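After this come two complexes, each holding subunit A, first together with subunit B and then together with subunit C.
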Partner chain A sequence: MTDAMLSSEKRNRAWLRPSVMISISAVVVAGLLGLFLIFAIGVSVSDALSAFIEGTLGSPYAIAASINRSIAFALVGIGFVIANRANLVNVGGEGQIAVGGIAATAVALYGGVADLPAGLPFMIPLLAALIAGMIWASIAGILKIKVGTNEVISTLLLSFIAVWLLYWCVQSPAILRKPMTSSATLPESLEIPDSTKLPLLTGDYSFPVNVGLPATVIIAIVGGLLLTKSLFGVQLRAVGFNPVAASRAGISYSRMVLLALAVAGALGGLAGGFMLLGDQYVLKDGFSSGYGFDGLVAGLLARGSVVGVIAAALLFGFLRSGGINMEMVAGVPTALVMVIQGLIVVTLAGAAFFIGRRP
Partner chain B sequence: MRDPTQILTEPLLALQGVTKRFGSLMAVSDTSLDIMPGEVHCILGENGAGKSTLCNLIFGVHAPDEGEMRFRGEIYRPAGPSDALASGIAMVHQHFSLVHDMTVVDNVILGQQRGLVNTRAWAQRLERLANDYGFALDPYAKIDDLSVGERQRVEIIKCLIREPRLFVLDEPTAVLLPDEITALLAVCRRVSAGGAAVVLVTHKLVEIKKAADRVTVLRGGRVVARSNRPAEEIDALVRAMIQGDVKSLDKSAASTLGVGAPERVRNGPIPSETPTLEAVQIDGLTVIDNQGVTRLDHFTLAIGPGEIVGIAGVEGNGQSELAAALSGMLKPSSGRVFLGKLETTYLSPKELTAAGIGVVPEDRHAVGCVVEMSVAENIFLNRLDDFTSFGFLRRKELLGAARELMSRFDVRAAGPGIAFSALSGGNQQKAVLAREITLPKLTCLLAAQPTRGLDVGAVAAVYGHIRAASQRGSAVLLISSELDELIAVADRIVVLYRGRIMGNCAADPSERERIGALMAGQAQ
Partner chain C sequence: MTWELFAVFIGSSVRLAVPLLLAGTGELVSERAGVLNMSIEGMMLTGAFGAAVGAWATGNPAVGLLIGIVAVVPIALLQALLSNTLRANQIVTGIGINILVLGATTLGYREIFGARSREQIPGLAKWSPPLLGDIPVFGEAVFQQVWLLYLGIVIIVLTALVLRYTALGIAIHAAGAEPRAADKSGVSVTRIRYMGVMFAGFMSALAGAFLSIGDIHTFTEGMTRGAGYLAIAAVIFGKWTLTGTVLACLLFGAATALQFQLPTLGVNVPNAFLIMLPYLLALLAVGGLAGRQTAPRALGEAYIRR
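Right after this comes the complex of A and B.
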């Protein structure tokens, strides 16, 4: 009994009470290390910094691009946190985004929705994306409750399948590839009809933030309430901590596992829909590349808090945008941004470890 | 060389101001203790008093934070159990460490010898030793085929074959039949007669009366009493152990400690509104596990409203399967269960709760509660729906209702919102009882080992609640490996042996021997 008590106390300290100071100092330390690396590879630190700032905050367009990235990270991250309450680790964000994007494109192009009234042309493809992601993750859920397959493995492998499914969709003219008019036709879909594109908040392409932003804010609030105030949240926690006791108390393990993964997958699929309908407009191979895993890291770093997911998602969104500009303008490899991101993870995990160990 | 007479008067093991902390918990605090050669020294204390920690310090599992230990006059600072064994200290743990697929002799040889092994010679040595100590043990039997009592004998032989100078037994009698306890105590006496010292950890007073030369009482990690004539000072020792008066104790709770003869507290008259209809009817319930072993064999029992039926038996004789099948955690292979007219055989836990079956599971931590969640959430874990509107929990109401139940059931905690893990074992059990007993229309209460690991005060409270439920007309099935508990609380007793009902007995102290024999599988 004492062992269980000690370890649960440990968990409380390390994961349930997010220490904001530690997160901030981890980010600062990792940032400083990143600057040192830039210096070490012989690039002027001031050039790199100004390129970074230019790429993140330099123009309304840059800000909007960063926010659009953050939206995808945030949705995947919130889904991760929800599933994680039930002690599930959804590493399949990448695949859930991919199938969401495929579904959204297919419905937008060939679903006959373009001429429907009042928002339906983009809402129906979004719904399709959401359902596609949900189904994709539910496969892992069904495998887990029927034959006990570990969801880490199944969601990861389902991601590989989805990524190649995406490749197939854009390579085969029989599926989503645009009609081949010449040998130079790219392996991508047609551009989706204008009516199916997500409306911009400002109506101005110099600041292309779309309705995905308010939608994500609402989802974050609902998700946060779900976790902290709802019966569903309590049941998720009960199943996550002690599935046997939960099922004795009438909370079905299978139902909760399936629901938790379905919600996580739905959010991943929705992220794919937002990316496709709000930002990319054309389905291409590899469009989801890295988004699922960055979202996963955002969820991990948030230590169970939705606010934490938002913070991490914004951080990563801006880091990515700044990194791309640093490469273009100052010649700093984008890989360095990945290194900084990795450093943040390691520093945070290290800090959590030391806090957990302090008597 | 020392003078041999001097060795006899010097302690074999001396602990000086030993302290061990786990985080903020003082498991053992400034404890001094002398163990003399040739004595049986009992360490007495309730759960959580620090007995096991003390043993683990002696056996080198933990190192003390403060203080020193001397073994045979020299500083003794074991880095691990192997150091302890090398010094001549052997220990039988509460949980056995045997390889189930191997034979007795192979288990004894394990860790004692490297290189080539002469199994025959070991087996002969083992048999000789067992004969010396007056018990039979087949060296070539597989551990899997042995009873719990026999397995413990293997553990004991594993220790004795090393000819230890100090022999430590941590709560050895918890799993034994009455006869086996007597035999074990005789072994302890023999070991000490041979000049070695025996440290016997227990919370039962009968054992002290029968075997102890000296007693040290622990409470809250401190020594609170010592006695050189324990048999005559039992009352004082109990007072020290529980920090209260024996006479103020619930009589049944006291009898399970071994204070005085087992005494029954009779229930009031059994309500007989529906005399023809049993509250619970179990017909030929059979559980076959996935290895094809029959764990529960055609179990048939009827319990009337307000009746308390006790299930006696050594652990592992089908009680767990019975409880799991009745509580919806295990699908029986055949047989049927009725609650009044309603068949409940294949209902889910949720449906069983709705039907009015309250379950106090045997393994509180694995099945009874979610220790990471709050007290309030645990108390209403099976009824959270009642506090939900539009999917949202009415937390204030939940906390209020929990606070009320906590005061009714005397669950002591800083508040309903704190983590369940912060509660003591007794308070956790009272909270589980509060949840299960307050089910609307409780028709049947199933309580499996409800007092395990609890201190005397909590035991008395648990008995009180079980009796109250029966007086309100619920049928009660009480599963326990403590015979005294069953005699004290139940109206009648059914004995389980290898999954079968061996016999029905009255819950009366005069039946004690017969029940003991039935528990051992001897039909009469």
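Right after this comes the complex of A and C.
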């Protein structure tokens, strides 16, 4: 081994931390099991893999679609990590995305924002999405500090409620369903006005990555700094570690719980806003399906690090895109991706024992 | 509302409450022993899938029920191992298992049923108790139910007796409230908690089987649709007592039954609101209707023997 290699090993020492190694091994082991399952259901592994690669890296469009998914996962995941720093588990990502999408659509279509000057037509709906997600998660925060309701169960139930709220919005012409001209009118909203769609970075629909990407990068940097360098981060950690000691030190438990969940919800809502204004353009039933859990798993896998969230979000974004193409081309059900994710989470939960740290 | 419609409403409320009652009773025992078993949803789905596959393959729904129970054993063992022996975060474990099971059953369903997805699966027979079944109007609408319902009632009553009057019941309570004291007095906390999780698995398997081969005679992807989480909410709403949990489950069952009943009465409420109602009620229930919460003191914490 040369000296240069040794020093680069030293620099990359962060990668050798047991927790990081365990995250990586969990992903590798689950991935191998996934390959075995493809083999077990009788699909040619090479066909499946080539469909997977085609769906992830095969075209600029595929790459952009994967990145757009990753953005939503990353935002939910960063929110999860922030709340988790205060020892809170936000399982309500899906509901927060759903209410964000509803709010963004409502404001974009009926908020009279379409003719405002530059930027405002999409920024106001995004703000609405952010606030909607924040309010949704704050309900869980208020229940937690007022009656001690476990946030896991309340955010989960709020997710179910939000998903049916979404269904209600697109089913009822009195809310967001487009005017019914015939019995064949689909249960979905009108398409949002062009001025409210997020600008594309390249201006070209063959590579539809929008301004959500740079915005998410900025949010990730700010989130990372907040957690590691700010007083807020220290206070979150103090409350998460020992609420009694924290309150002796003058840190309000209630305030931190509410803030942490509000931030997580705001990021979830924003993810819904980006999805709607950035690549969906039409509100449909089930548009948020699965996104909340993918973001949550990204957050878990990251073990508290924002860099880790980004890596996991990219992994899952590409995994999802590849999975969809595998289903269409090679006939491998996308449920396989869920099996892989479940295995990752279970392995991580169990592995914490061996490195003496809880995820 | 006529008496006939009222009878049908009561009957369907009870039928829709059964999966919650069974799973909720299992969850109650697990939580009383100190394990917050979030994987009820996944256990129910496994039971539903195993029972459906078993009943379809053998043509015998009773064998299907057994296969459903056996299918849940590895899932329950995994949950018990992770939350007791490996002291993993119980919430994370539950979420992981639920994702894994949703993926695995969907995959298995596509592989096994695939094109035959609309095929009816042989289901459990109905039974109505003598005398009760002969009551005019109510007899048929309320009491003629799948026999698993009556078996479930028997198990729930037995559970109540065990929790209240036996040494095992006291040991379960102690393992969740004062594990260290329980350990000092010679109770194996770990063994009690393993048993609690395994019992929750068994009850969830019955609950899932009731959904697939008891009620609709088929399996659909992710068919539990959050019933497991409703069962957990029912335990919280019931303040960790069996009577309270049972009442909460019946309430959620009635709320679910409304979505089929109100339209027939000509009441014009949006369908989406009615589907949402049980979850909304559950949220209200865990969010204050029940008052301050009195969970077992060591709930969710792994026990480390010194």
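Quick note on the criterion: the second predicted complex is superposed on the first by the 333 of 359 C-alpha atoms of A that agree within 3 Å, B and C clash if a C-alpha of one lies under 4 Å from a C-alpha of the other, contacts with A are read in each partner's own complex, and residues count from 1 in each chain.
Operating definition for what follows: a residue touches a chain if its C-beta (ideal position, glycine included) is under 8 Å from a C-beta of that chain, and two chains touch if they have at least 3 such contacts.
If you're wondering where the values come from, they're calculated on a predicted model, not measured in any experiment.
Colleague: Just subunit B (first), just subunit C (second), both, or neither: which does A:Tyr61 touch?
Modeller: neither
Colleague: Between subunit B and subunit C, which one contacts more residues of subunit A in the superposed model?
Modeller: C
Colleague: Quick one: classify A:Val91 as touching subunit B (first), subunit C (second), both or neither.
Modeller: second
Colleague: So, does A:Val152 touch the first partner subunit B, the second partner subunit C, both, or neither?
Modeller: second
Colleague: Who does A:Phe207 touch here: subunit B (first), subunit C (second), both, or neither?
Modeller: Touch partners of A:Phe207: none, neither subunit B nor subunit C.
Colleague: Mind working out whether A:Gly342 is in touch with subunit B, subunit C, both or neither, as first, second, both or neither?
Modeller: Second partner only, subunit C.
Colleague: Looking at subunit A, which of its residues have contacts with both subunit B and subunit C?
Modeller: 359
Colleague: Note which residues of subunit A are touching subunit B in the complex, please.
Modeller: Subunit A residues touching subunit B: 1-2, 4-6, 8-9, 11-12, 225, 229-235, 237-238, 241-242, 244-252, 359.
Colleague: Of all residues in subunit B, which touch subunit A in the complex?
Modeller: 22-25, 327-329, 348-350, 353, 359, 361, 365-373, 377, 381-382, 384-385, 388, 391-393, 395, 419, 421-422, 425, 453
Colleague: What part of subunit C is in contact with subunit A in the complex they form?
Modeller: Against subunit A, the touching part of subunit C is residues 38, 78, 81-82, 86-89, 91-93, 95-104, 106-107, 110-111, 221, 226, 229, 232-233, 236, 270-273, 275-276, 279-280, 282-283, 286-288, 291-293.
Colleague: Quick check: in the complex, which residue numbers of subunit A touch subunit C?
Modeller: Its residues touching subunit C are 37, 41, 89, 91, 143, 146-150, 152-154, 156-158, 160-161, 164-165, 167-168, 171-172, 293, 296-297, 300, 333, 335-346, 348-350, 352-353, 358-359.
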